[in-house]
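Below are two complexes that have chain A in common, paired first with chain B and then with chain C.
Now for the complex of A and B:
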């Protein structure tokens, strides 16, 4: 594998982790969030600051980073208890813009220059780079998927599904919306924080513009395209949206246009996602199994 | 004092332009409950078509007419081809469709006209005034007169005509309105036409006011106007106008005096979160 495709692969794995986190919030708990890149950024900045200014290693900083992003997620999940759908969607956009401008304008966070000189991850005395970083990210992705799978099988997961389908009915059955929505927010944002930490130590230089609203749209598109609420959907979405720009790269000027047009076509003709209910993939799969289409 | 008044006048002008963009968004939200992010792309198309017609004919009236026609068409196309088939899905599906539309149209503009900032050297046929040492340029007069005229016309249409009645009925309950003999699909298309034509005017005014037309000129308004319709009360047209003018004045004064170290684009969202904590239904919205 060339250096270039390893880089693309690593970025796809990192984005898949972040997309899985968003899937917990949007797909499992049914809370729309358009500001997920903010938590990706908070994770990246927290890890970058702890390892540069704080002098910690990646591994000792990681639990702190997950704690910080989860805590911020809990705090920013609070509006979801009060606001519904469209209001929540726009509020999360707002949170994204505000977080980015804080990173950009507060000198503590490096201001417009960002943070550079982030150390590499050291594992078993080896500096992780290239293929090993790809494998490390894939390992973290596998762990994230395992946690997602366990979550859907757990009591908390079932409670989230119930709240997503009908909040009034679920809460009258004794399922606390406060407790389980916030659980989903903490879990989802901590996964974004993990992705952010990996991103910071992979790029070794971060700036606020990496985590702006376009990134949030990209992550949400991955989740929706792949199939919201499915286990593998976000990974498939990250793969498709990560590889497409590379496929279109020879088309230079037309690349972004084709990318946007294709996104539009996919959402227009497969609104449930590539792996969601009634999708082409699901229908073909059940036809192959000989069941009803 | 003189500086303060001049800042005020500029702020109101910027607010009036915001209001013309936000209006279309509020109308569409009121009727379809869709966050029409691609509205900002319609506004960009308006600026480009306006500039193209102006360079060909040197008539600002023809340019405005052409831009309004094209934008009304683009608006209806977006509604027919993207939003209408996606109405039965959860709100984030049309929202992503809308964002994809915005990106695609921005890229089309960039491919058609190049990535450069083009200038819009039009002189608007309005007089300039000097009142008590304060100069009100012809562009400012034009922004005031045109936006006041457009707002008054829209107010008249939505509250005093049969079409407006049908629009209000459709936004309250589409199924009942259809049962009462209102062709609700036609009303939706007309709403998109009106909102998009107003966005075209806003695009031309912004182009002339800043003397700049560029492909990503819609990017910041796209999200700022979302905050504005929330602050105004989702779907409330007077609320959207009030919020726009308050933001225009607030931005200009804060930049001019307070020297707040945050970019002014985050300001709309900070104001929005503050308003939501105080009045979750928005300034002029109703509960329920």
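Now for the complex of A and C:
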């Protein structure tokens, strides 16, 4: 495998982890978030600072990073308890801009220069790079997917689905809206934090602009494209949106136009996403399954 | 007394919809509140469930004051509701809808027993168990809403306008099921209805609500023959 495709593959795996996290919040619990890149950034900055200034290794820093992003996610999930839909969308955009400007203007976070010299991840005495990093990211992605799968099978997952469908009806069934919205926010943002930590140690240099609002839109597009609330949707979305820009590199000036066209087509023809309910893929699959004797 | 409501007032903004209503439900009773559209019937049920806040007054359930605790805590205490227009979870399957009703009571053996019972009560739900609730007809959704409320074996079942939007034959069936649950299983039910005649027929006691105040109360069979009730609500 060429270095180029390894890099693309690793970034896709990392973004898929972040998209899975957003899927927990948006797809499972039905809480719109347009600022998910903020948590991606918080994870990256936390891991970068802990391993450079803090002198910790990636592995000892990781639980702290997950704790920090989860905790900030809990705190920033609080607005979702009072706001609905459009207002929550605007609030989360605001959160994204605030986090980016804190990274950009507070000297502690490296200011406009960002943070450089982030150490490589060391595993079994080996410095992880190239294919190993791709495999490590894929491993973390698999773990993330396993957690998502277990979550959808658990009572907590069912409670989140019920909240997404009808909050009033769910609360009159004994489901606490506060508890499960916050659970979804903590879980989803911790996954973004994991993606951020991997990103920091892969790029080894980060700056605030990597985690701006366009990144949030990109992550949300992945979730919508693949299918909100499905297990594999965010992974497929990350794959498609990770590969497309490479394929269409000659058309790079028209990239935003292509994204917009793609999203509009999705909304028109496959509103549930590529793997969502009533999607072509689902229908074909169930037809194949039904066709077997 | 299982449920005792005293001087309940409910307001939406500046407009008061329920002006100091008092009533009670004893264990094992089937009580109905009847009244015209906009009389405040649904507001009262929603206030008991905790879905709308009450301005003042007390709601006591099993001797505990519940008017200030959250809806999900009241559900845990044993109150369940069949909401107006069913409000099933559309993108969850019938089976998943029922499981949400069991949330907090995760007991596999009990789940199986309850499902068997409910599927025998509403056979159509067994047939549709793997289907999304959105694909059910209005009547089937109403049955699912009842089953979802019953699965946890509630102490008090609140039923909000179950007849609305159902065809007459189904209304009779649903009312029959509620009556049987009350008579055979001793389930306590508080029913809110526009369909006054049908609810007077199955309930033991009734309250007649008019623009946020209780106008008449008493035994249902007495109310049914009361000329004032007959004229105003039964159109006889």
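Quick notes on this structure:
The definition used in the following text is that the second predicted complex is superposed on the first by the 278 of 293 C-alpha atoms of A that agree within 3 Å, B and C clash if a C-alpha of one lies under 4 Å from a C-alpha of the other, contacts with A are read in each partner's own complex, and residues count from 1 in each chain.
By definition in this document, contacts are C-beta pairs under 8 Å (C-beta built on N, C-alpha and C of every residue); 3 or more make two chains touch, one makes a residue touch a chain.
What you see is a predicted model; the values in this text were computed from it and never measured.
In the superposition on chain A, A:182 contacts neither chain B nor chain C. Touch criterion met: A:173 reaches chain C, while chain B stays clear of it. Contacts of A:221 after superposition: chain B is touched, whereas chain C is not reached.
In the superposed pair of complexes, A:115 makes contact with neither chain B nor chain C. Using the contact criterion defined above for the overlaid structures, shared-chain residue A:49 touches neither chain B nor chain C, since it reaches no partner.
The larger set of touched chain A residues comes from B, when the choice is between chain B and chain C.
Of the two partner chains, chain C is the only one touched by A:162; chain B is not.
Chain A residues in contact with chain B (one complex) as well as with chain C (other complex) do not exist.
Touching chain C in their complex are the following residues of chain A: 155, 158-159, 161-162, 165-166, 168-177, 229, 277. On the side of chain A, the complex with chain B involves touching residues 26, 32, 34, 79, 82-83, 85-87, 89-91, 93-95, 97-98, 100-102, 104-105, 213, 217, 220-221, 224, 253-254, 256-257, 259-261, 263-264, 267-268, 271-272. Residues of chain B that touch chain A in their complex: 29, 33, 35, 81-82, 85-86, 89, 91-93, 95-97, 99-101, 103-104, 107-108, 111, 223, 226-227, 230, 234, 261-263, 265-266, 269-270, 272-273, 276, 280. Those residues of chain C that touch chain A in the complex are listed here as 49-51, 70-72, 74-76, 80-81, 83, 87-92, 96, 99-101, 103-104, 106, 132, 148, 152.
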